[in-house]
Structure formats: structure tokens, C-alpha cells
Amino acid sequence: MSILVDKSTKLLVQGITGREGLFHTARMIEHGTSVVAGVTPQKGGEWVMGGKVPVFDTVKSAVEATGSNTSVIFVPSRFAADAILEAADAGIALIVCITEGIPVQDMMKVRRYLDQMGVRLVGPNCPGLLSPGTAKVGIIPGDIAIAGNIGVVSKSGTLTYEVLHALKQNEMGVSTCVGIGGDPINGTSFVDTLELFEADPHTEKIVLIGEIGGKDEELAAAYIRDHMTKQVVAFIAGKTAPPGKRMGHAGAIIEGGEGTAEDKIKALAAAGVMTADQPEEIPGLLQ
Amino acid sequence: MKLHEYQSKQLFAEHGIPIPHGQMTMNASEAKSIAEELGGRVVVKAQVLVGGRGKAGGIRVVNTPDKAEEAATQILGMKIKDLPVRKLLIDEAVDIKTEIYLGITNDRTRRCPVMIASAEGGVEIEEVAKTNPDKIVRVWIDPLLGLRDYQARYLAACTEMPREHWREFMSITKGLFQTFIQTDATLAEINPLVITGDKGLMALDGKIVLDDNGLFRHPELAEMRDLDEEAAEEREARKYGLSYVKLGGEIGCMVNGAGLAMATMDVIHLYGGSPANFLDIGGGASAEKVAAAIQIIIRDPNVKAVLFNIFGGITRGDEVARGILAALEKTPTKLPMVVRLVGTNAEEGRHLLAKADMETAVSLADAAQKAIAAAEAVEES
Amino acid sequence: MSILVDKSTKLLVQGITGREGLFHTARMIEHGTSVVAGVTPQKGGEWVMGGKVPVFDTVKSAVEATGSNTSVIFVPSRFAADAILEAADAGIALIVCITEGIPVQDMMKVRRYLDQMGVRLVGPNCPGLLSPGTAKVGIIPGDIAIAGNIGVVSKSGTLTYEVLHALKQNEMGVSTCVGIGGDPINGTSFVDTLELFEADPHTEKIVLIGEIGGKDEELAAAYIRDHMTKQVVAFIAGKTAPPGKRMGHAGAIIEGGEGTAEDKIKALAAAGVMTADQPEEIPGLLQ
Amino acid sequence: MKLHEYQSKQLFAEHGIPIPHGQMTMNASEAKSIAEELGGRVVVKAQVLVGGRGKAGGIRVVNTPDKAEEAATQILGMKIKDLPVRKLLIDEAVDIKTEIYLGITNDRTRRCPVMIASAEGGVEIEEVAKTNPDKIVRVWIDPLLGLRDYQARYLAACTEMPREHWREFMSITKGLFQTFIQTDATLAEINPLVITGDKGLMALDGKIVLDDNGLFRHPELAEMRDLDEEAAEEREARKYGLSYVKLGGEIGCMVNGAGLAMATMDVIHLYGGSPANFLDIGGGASAEKVAAAIQIIIRDPNVKAVLFNIFGGITRGDEVARGILAALEKTPTKLPMVVRLVGTNAEEGRHLLAKADMETAVSLADAAQKAIAAAEAVEES
């Protein structure tokens, strides 16, 4: 039914006692996610969620006590790189980092280190993962999608919600929605996610939502051309974005003529991927 | 955040890179006295945060302090790519034998810094990349290991640096790398790095772009921001934590989420309109933030209609609606407005806005078309 | 006939224009090794060995011009870490570092980096490799061993020559002699080498020459017990060494009660490995 | 190379770790005046490069400057494990609530630094490892990434550090790590790190061992070597680049190569003798170096016979022989000598030595037995 998160997910929330941590932990539990622990330094020993979720000082002690296998990070940006490394060192296999605004140099180091360890990171600066009706890890509103066989992978937040909403209005269900984030250096890429969807028997078609900046969409196009058997449709945001200006996301910038929406759409077309002109057209392309 | 040439070179010097003697000034008579101190023969350089200063006449070599004052007066009266020149750098003129390019930036695909050198210095590296790609050498730097001596040596060898300058060159590459790392830069560039007739290597021009996300570690660098070089709207947006880019079209947009904001611009364009701006109010925006966003939009004289596109998630529709109403109460406007609210508390939001005179839309396509029609109606009237 | 070095070795000498570099390059060529290039910064364009071996400024340019696949390093200790990294980055698959006295912290970084890249390092502070009659990379005198089917692996220099000499006197031949060096942090370990010998059809028996310090011999004993089918005999130097004193090699020190010869001999005995009381007994144990 | 407590703590302080006020002195009357400056109540601590100072009476807490002088006089008259006390550290006495151990060293098997903490401070960590191993916490530090905050926090949590001290403790772990890295140390240890009644955390005692191979990067640290604490032979050996360790037996050994030198000692022991020293002359030793080695050996009064074991490779047998002859000419000795020369130019070497009155041997076993017999003959005579 899903990739990356499901009923076997035993979630740890890093930064659980903050405003966002508490709010979204409650939403994740409502959606059926098994939240087994939280971590906030100096607050070990407390309990949150009405006494149901224990808080630890360190990820290592949380993992030892609860067997958590997945972590979601809500800590402020200046502490986020350390939080990711802490989760990786404690044996967490899947780390989802919601935090926005982590310095690029921190992320280059983190990514290098994680690659060595074989740990999967989703994000940072991403809305996380939603397997509708099964589990959610992150901040994607749980009620805007229904379960089904369409995989969604996106660099964006609300633009993804827009697409999920359009799919739901057309009674089209989603296996898993993966928000990979729009930072220049991040963890899981389009290609990584497509590989998982291709291998997932419950996913039949895939929606890819990209944007200007970098070459991730071009690499995805090459991967689709060479390795995918399932239908992929796309939307690329930023056709009207001017070069040299950062469009919100740290990675959404056309630099030195690279990373334009046109290039990405062209590469996807060459791989047989239809690209919608507006998000609401996506369900039509999937017919 | 871009730094001026004089700021960039100062940072280079702090990391041991030789730069010409020089000083920044904002007036022509001071330019004269600086030129006197520097011995008369100087370069007067406009300090503006855009490229192409040379072609625009913003860089002049003069032989006397009087000529320096004259050049300074002229350049301070110029606009370069619409930016008025307010600052000058007066540098001693040096005897240039060879011009080299040396820069460092991040390679997104390889996920590490890349140092780039070229024997074709003095022109933009993008230009060399097009015309003479084999004249560009790159070394990729492991983010955990840092720049190594052998990499610097490889750049020296490949740019045909005379051997007597290798030691200096390697020390400059290290200084450039340290500048890049210790300022959380995304670009640090010396162009040209010159071999002089008498003073060894020297960074004649410099450019640094900082990672805004790293500024919290460098309050002293954050203070270097030149507020005069920004549009007032951008300053205001930053103050409220809004992402704003001015575009020049007629339809002001306020959207939550960067991807959705771009998609909104694209859809406006798709239906024949032209967006006035990119504006992302971010997640969980407060009424105050929404109000600030609206004021920034309606201050733009090009704007003929405003489109609000809000997909409620963390951001609540009623909160956004209240922000809109508050802003309009404070700064009344006759501009037509189209609102599309979906998601969390959208119903309540729409209910609140029904009291105001605002058009609502259900889909993005619908909203874009209504906004375009409203803007056209304003123009015709 | 050998492991690691043979007729396919195309050797690059880093620090070729130094006194040691020149001397040993001549010896390696005499022994039949194909020395294709040398590197000394600032000396690119020169030729050595009577105009037969070109010198380059960088390893990368040397590899591009000559297709070298193995490097031996004679540069001074303060430049050696950089030389190893340069070779690894230029695509050299086997790096043999003779240099002694590299700071431990440099070697920890180097080793970490090489592990990521999958490059093999032998040494530092080692005599290198000798496949008698075929090729040699390093400083082991070529005439003290004859070709045969005994693999030798050792932390030591002259002690190894002692054993090679004893084997030769007994007309016993050597497939390859691997000097792994006596530094606390190095590249190829006893276990790595045993694995190669076990897989080499031309090696029938193995001599392991260890010394006090660290746990490499204990790890080797465990590996022999669990994975080796070939006979291994050993000599461990330093039975009479006092604790807390560095015995020449940076790694030859008994610290906190760890690294004694007794522990190593006991571990080897438990794995069925006979240990000689003196080096000259080795040939007898191999009968 | 070991540093004294006062040197180690000075380095800690330079990296932001709080230490008690204090000063090193070599005489008792100065100890008194230092005690006066520090307010009277002080700790007088012997500065010797061996452990067990406390048990030997080398550390005394006193309440007045007069008592400080008295204690200083007594301690300066002591020997601790055969080492005469020449230096004292006079530290202010502090109010100790809790003693913690915090140290960093290299883990050879994992090939990275390991930081070790224990709530059982004040005793040797090897002792805690034996009696209370679960009271020891370790974090392994990636050599490319360095110590991370979460690792320091883990140590704080596992040593039951009170939460109000976590921030201080984390800052001290960082300081300790920086000290370790920036001095090329192989050990840096604070024991005890104390929680005081009134001054927060403080490093009360410190120990640093430096990597000799890293000293070229730190000339200022190399100068901290306390020559008085070394045997004259070791000083002399270092001067000539020889590896020398005094052992106390009767048979002096000169060998080329560390492994062969150890094997030579072992074989002497195997045949019932006892080696006087470990001495490795290294590869390619010159005649001058060989001569220096011999003089170091024969200066040892315990030595009854000398064994030369040279396996020629880079080292040439004739060169070694010439060195031996030169040394004996300069410093004649009646000590019996046994020479074993094998390998490169061994024949020439043996030929040269035949002129001197020296026994030769072919095998190591043979050489050891001959040397032992010679030593016994000397003793009997």
C-alpha cells in the first residue's frame, strides 16, 4: 500500500516539546502513526500527548528504550544538522527532516556522512511523508488525500497539497506522497523515490512535482527513460521565474542558465513524461 | 546576500589573500584625497551589486588625484542597470601581467564545493565556459576533508601558472577556501587574480555571495548588507519573514508556499496575464504577516489586481482572512481582489471575506482568470 | 604466483626525485617492476632513470599520461597524507606508503576517506611488497627471497628480511611478502592480507610476523580460526618489551595492559597457529 | 611526549576550559608567596611525569602560606618512582562537590578518537574499567566530522551531570576535543573534572600526551619538553634520531629495525640473558649515527657485553662496521662485543671488523648465546 512509512513505522519526534512538534505529533497520531518517543534535550523524563509519549534527552536513549526506527525532526535550523547526525548515529534507518533554513555547508557534511552510513534522509525543508489512512510522518494534512495506487513525489509543500486535493476530487487515491523538499542539498532525490515506487507493487502511476533549480528533474527524466515501466506525469513550477532570483526555496533558483523549467519539461518529454500546464490538470493526464 | 567588491576583498585580505591598497568612499572629494594617499595613479570603481560595471563605464583608471575626483563625480552620477551608484572603491593601480580566474561555489549535483580556475581571467566565467570550455579547470572538494594542497597544485599546473608563483597561488587558494567556509558563502570569486609586474599575485576584483541560512552564525556579515541596494519592498518583506521577488507585471499575488506561489505565477501567465511578484507568506502565517504582505503588494504602482491563493494546511484559512481584512482596514484600496481559499478552515475564511467586497474562486484556473479580467477592467476604466 | 603486485603493475613513484626515491626506483626496475612514471611537484617535465621515466607535477597528470595503477610513496612525512589522498583521487587502486612518521590524526582522516573510496593502502611506515622474481614495490631487498608458495605478512622491516633470509636458506620460496607496517593507524591489515592469501591459488602456507601493540594479531587469529584453510605460522616480537614504552614503531606499545605479546600468542594458539620462539625457527614450523 | 599537569592545564585554559588559579614554581619560598596571592588555602602538587603522585605524598592541601612553604620544601625533597621532584604547581584549593572523569584518546581498532567519561572521577580510568566498567561511557568521534553536540550531551546524560551544568560541560568537552586535535595529542585527560560548590565546573588535574610525529606542526609544544625528566641516554638518542629504551639488563643491543630489535631482545631472554636496552638505529644509518648509538650503550654501567645485530638492506654492512670502529676508537672499551652482520655488504663489513677484536656470529641465536657467555665471563672475572 505504501513506501517508506506504514504500520511498521515506530516514530520518534525530535523537538517534540516545541509548538510545532506538539501540534504535528498530535496530527500524526490522529492519522494512525505509531509515535513511540520524543526527544528534547534537558526534558528527558517528561511525557507528552496526555502522558502517552515519553520524552528523552538523547536519541540513543530513546531508541534503546522504544525501538524506534524512524525519526521526524522539528528542531530549529541551527540545531537540525546535529539532530540528523544524532538520529543516524543512534541507528535510525529513516530520518525525515521538516526544518527549513539549514545552511548549505551543514547539509553537505551531513549528506556525506549519511551516505557513508547508508541511512535514508527525506528533506530537509520538506512536508514529509503521507501514506493516506495508514501513517504519516511530517506535516501533510492527512485529510486531503485518500488511499490508492498513485505515488506522488514533490519538492514542494502546498503545491503538493493542491495536487493531492485535485486527485481526491477526482476520487483518485494515493499510495504514498513523498515531499523531498526544495533545498539545494537534500537527502532522498526524485530518482531514489521513483526507484521505490517502481518496486512497490501497490503503486501503479506516479506524479512528479518539480520546480526550477538544479538538475534533479533532468536526472529523474533519464531514470524514467531507462528504468521505469510505470506511467509518470509531472508538473514543473517556475516557468515564469526570472533567472538569478531565489524563489522561496533555497534551491529554487536559475543560475548560470541552469535549472530552467523549460529544460526540465523538455527532458521529461524526451522520456515520455507528460507535463501538466497547471496542477489541476494532473488527474486528467492520469486517466 | 551579495557583498560589494570592497567588502569581499576585505574578507579575502582577512584570510591572507593580497589585495591592492584602497578605500571605499561615497563622495568625490574624498576620492581625491584617497587617490593622493595611494600615489595618484588609481582605479575608481563603482560599487553596485550587479555585473557589467566595466562595460557601463563604472570603472576608470586615472593618473592624478584631480582626475580621480572627476571620475568619481561622473560615476557617482551614473545608474548601472537601474541601480544608482552610491559607493566607490578607490584602489591603487597595479601593473598587470596576467589575469586568472579563481572561484569557488557549490556543485549541487555532486553535493560539494567546487573550486574553479581558468587562465582566461578578467572575463565572466560563464562566458569562458561557453567560448573556451577547455580553459576551465575544476577540483571538487570533499566537504569533510576540505581543500587539499594537491588540489591547489593541480589548479596551478592546469592554469599554466609560472612555477615561481605556485607557493603564493596555493596560499591564495587556501585563503579563498577559508573565506568561503568561514563566511558560509555560496560563491567566492577572485576575477581577475593577477600576476603583477612587481608585487606577486593579487586579487584585483572580488565577489562573495553568502548563504542567507548561514547568516545566524555571522552577525558581523549580516550587518554588511547594503540596504540602499534593495527595493524598499524587499527590505520590508525580509523584516516580516516573507519571501518576495518583484517581477513587474500587473497581478499581485499572495500565496502560501513557494512551489504554489510559482505555480500561481505560471497559471496567471498561462491565461494571458502577467504576475507582479512572487510572494510566499510561508507556513502558519499570522494575521500580522498577512497584513504586511498585502501592504507590500498594493504599494507596487504596477499592480492592477490582487490574487490571494491560500491552501490551508498549517496555515489556517480564517487567520489569513482576518489578516486580509485588517490590512485593508488600515490601508484601504480600490484594487480588485480575488481570493481562493482551500483546506484548513477555508469555509470560515470565505465566510469572513464575504463581508468585504471580494471575488472568490474555487480553482486556481478560475482565480487566475478572474484576476486577469479584473486587472483588464481597471486598465480600461 | 602473487598477490597485489605482479607483471600487470604499472608503478608510479611519488617523491621520485628524492634520494630514497631515486635509489629504490632503480632497485624496483632491476627487479623487473614496470615503473611508468614519477611525481615531484615543481619537477614536471623532467626525466629520471637515464631518461626512461617521466616526472609529473601531479598524480592526476601522471595517471592520465601513463595509465599507472599502483603508487609507492617516498615523500617526507609532513606531505605524505596529502600524497596518499592525491593518489586515491587520481584513481590509483593500490597505494603503498613507505614514509615513516605520519601524524596519527592525519592517518585517521586518510583512512576514513580511503574507506569511502574503496582504495587499498599498504602502510605507511612499511617496507612495501615483494613478489620475488616478478615485481617489487617498496624497499624490501629483492635478492633475499626466492619465488615460491609461501605468503609472508609482517608489521616489521628487517625482521621480515630475517625471515625471508631464513626461508631462502631452507630453499623455501615466497609468493608475495607484504609489509603492512607498524603504525597504530594504517591501511591493509593482517586480516585483509590473509584473505588475499587464502584466495590466491599460488599461496599454500602463510607466515605472519606481528609485534606488541593494538589488536591486529588477535583479529587475525579470529579470522584464521573462522575462515582460513591454509597453514599459518607466526612470530610475535616484543615478549620482553616493557609496558608503556614505544618500541620504535609508533604502534608498538603496550597500553592499559593491552597489546602484549602473550595475549597475541595465546589468541593465535587458540586458532591453531604455531608461534616460533625465534625468527630462525619459522622454516622448521612450515615443514 | 608527555606534558606536565601545569602545562596540560594551561593548554586546556587556552581552549576555554576553566582551571583553578595557580602557578608553577621550582622553589619553596616562591611557593609561599604564590600561596599568599591565592588567598592562603592552596594545593601543593609535585610535577613529575609519572602517575601515583597522590599515593606517594606528592600532593598536599594546606591552609596557610607558611604551611605551603613547608609542604613545598618536603615535596621538592622527594623522589616519586625514582624521579626527583623539581617542579611544583601551587593551585588555589577549591570546594569540590563531585568528581568526574573526562578524557580523549585514539581507538586503534575503530581508527578514530574516543571520548570517555565517567561519574567515578578522581581515580585512574583503568581502575574504573576493571572495577566498575558500566560506569564508563564512550563516544567515538568521526575524524572527519569532529565532536558533535549530541555526543557531548550523551556524555552529560550518562554521567548523571545535573542539568544546570550541561551547557558548561558541553563547552568543556568541546574545549578538550579542540585541545586534543590542535596539539596532535594521543591522550588528553581531565581527572578529576569537578563540580565545585561555587564556581561551576573546573579541570582540577590534567594530562596530555603528544604524538611525537605531530610535533613538527607545533614548535611551541616541542619546546615544552622537560629535559630534566628524561634519562641522559634518551636525550642523546633523540638528538641522533635513534629509538632507545633503557631496560636494565646486561646485554647492550644495537639493531637496525624496531621489529628486529625487539626480536633480538626476546632471543637474548630466550637463552637466559637479559637485554640492557632497546635500540633501533633505523634504516640507512650513517657511521656517525652508529657511533652515537654505541656510546649510548656503553655509557650504561649495567652493560656487560654488547650485541650488534644488523640485517643489511638499505643499511650497508660496511658502513655500520666503519661506524663501530670509529666509535671504539673514540671511546675505547673493554666490553666484549659480538657482531652479526647479514645482507647488503655484510662480507665487507665482517672483513673490516675482523681487524678489531670482535666475535662474529652468523645466526641470531648464535649471536645471543655468544653475547650471554661473554657477559657471564665478565661478571665472573
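Going in written order, the chains are labelled A, B, C and D, and every chain counts its residues from 1.
Methods note: contacts are C-beta pairs under 8 Å (C-beta built on N, C-alpha and C of every residue); 3 or more make two chains touch, one makes a residue touch a chain.
In this text the structure is predicted, and so the values were computed from the model without any measurement.
The greater number of contacting C-beta pairs, out of the two interfaces B-D and A-D, is seen for A-D.
The chain with its C-alpha centre at the largest distance from the centre of chain A is D. Taking each chain's centre as the mean of its C-alpha atoms, chain A lies 48 Å from chain C.
Between the CA-based centres of chain B and chain C the separation comes to 54 Å, rounded to the whole angstrom. In chain D, the residues that reach two or more other chains under the touch definition are 142, 144-145. Each of the following residues of chain C touches two or more other chains: 109, 113.
Here chain D touches chain A in the complex through residues 142, 144-145, 148-151, 153-154, 157, 163, 166, going by the rule given at the top.
The touching residues of chain C, when paired with chain B in their complex, are 41-42, 44, 57-61, 79, 82-83, 85-86, 89, 109, 113.
Listing the residues of chain A that touch chain B in their complex gives 20, 23, 77-78, 101-106, 108-109, 111-113, 127, 139-141, 144, 154-162, 165, 182, 184-185, 209, 211-215, 219, 235, 237-242, 245-252, 256-257, 261, 277-280.
By the touch criterion stated above, chain D contacts chain B in their complex at residues 144-145.
Residue ranges of chain B in contact with chain A, taken from their complex: 106, 108-109, 111-113, 126, 129, 142-144, 181, 184, 186, 211-214, 216-217, 243, 245, 247, 255-263, 265-270, 275, 278, 280, 283-284, 311-315, 342-344, 363-365.
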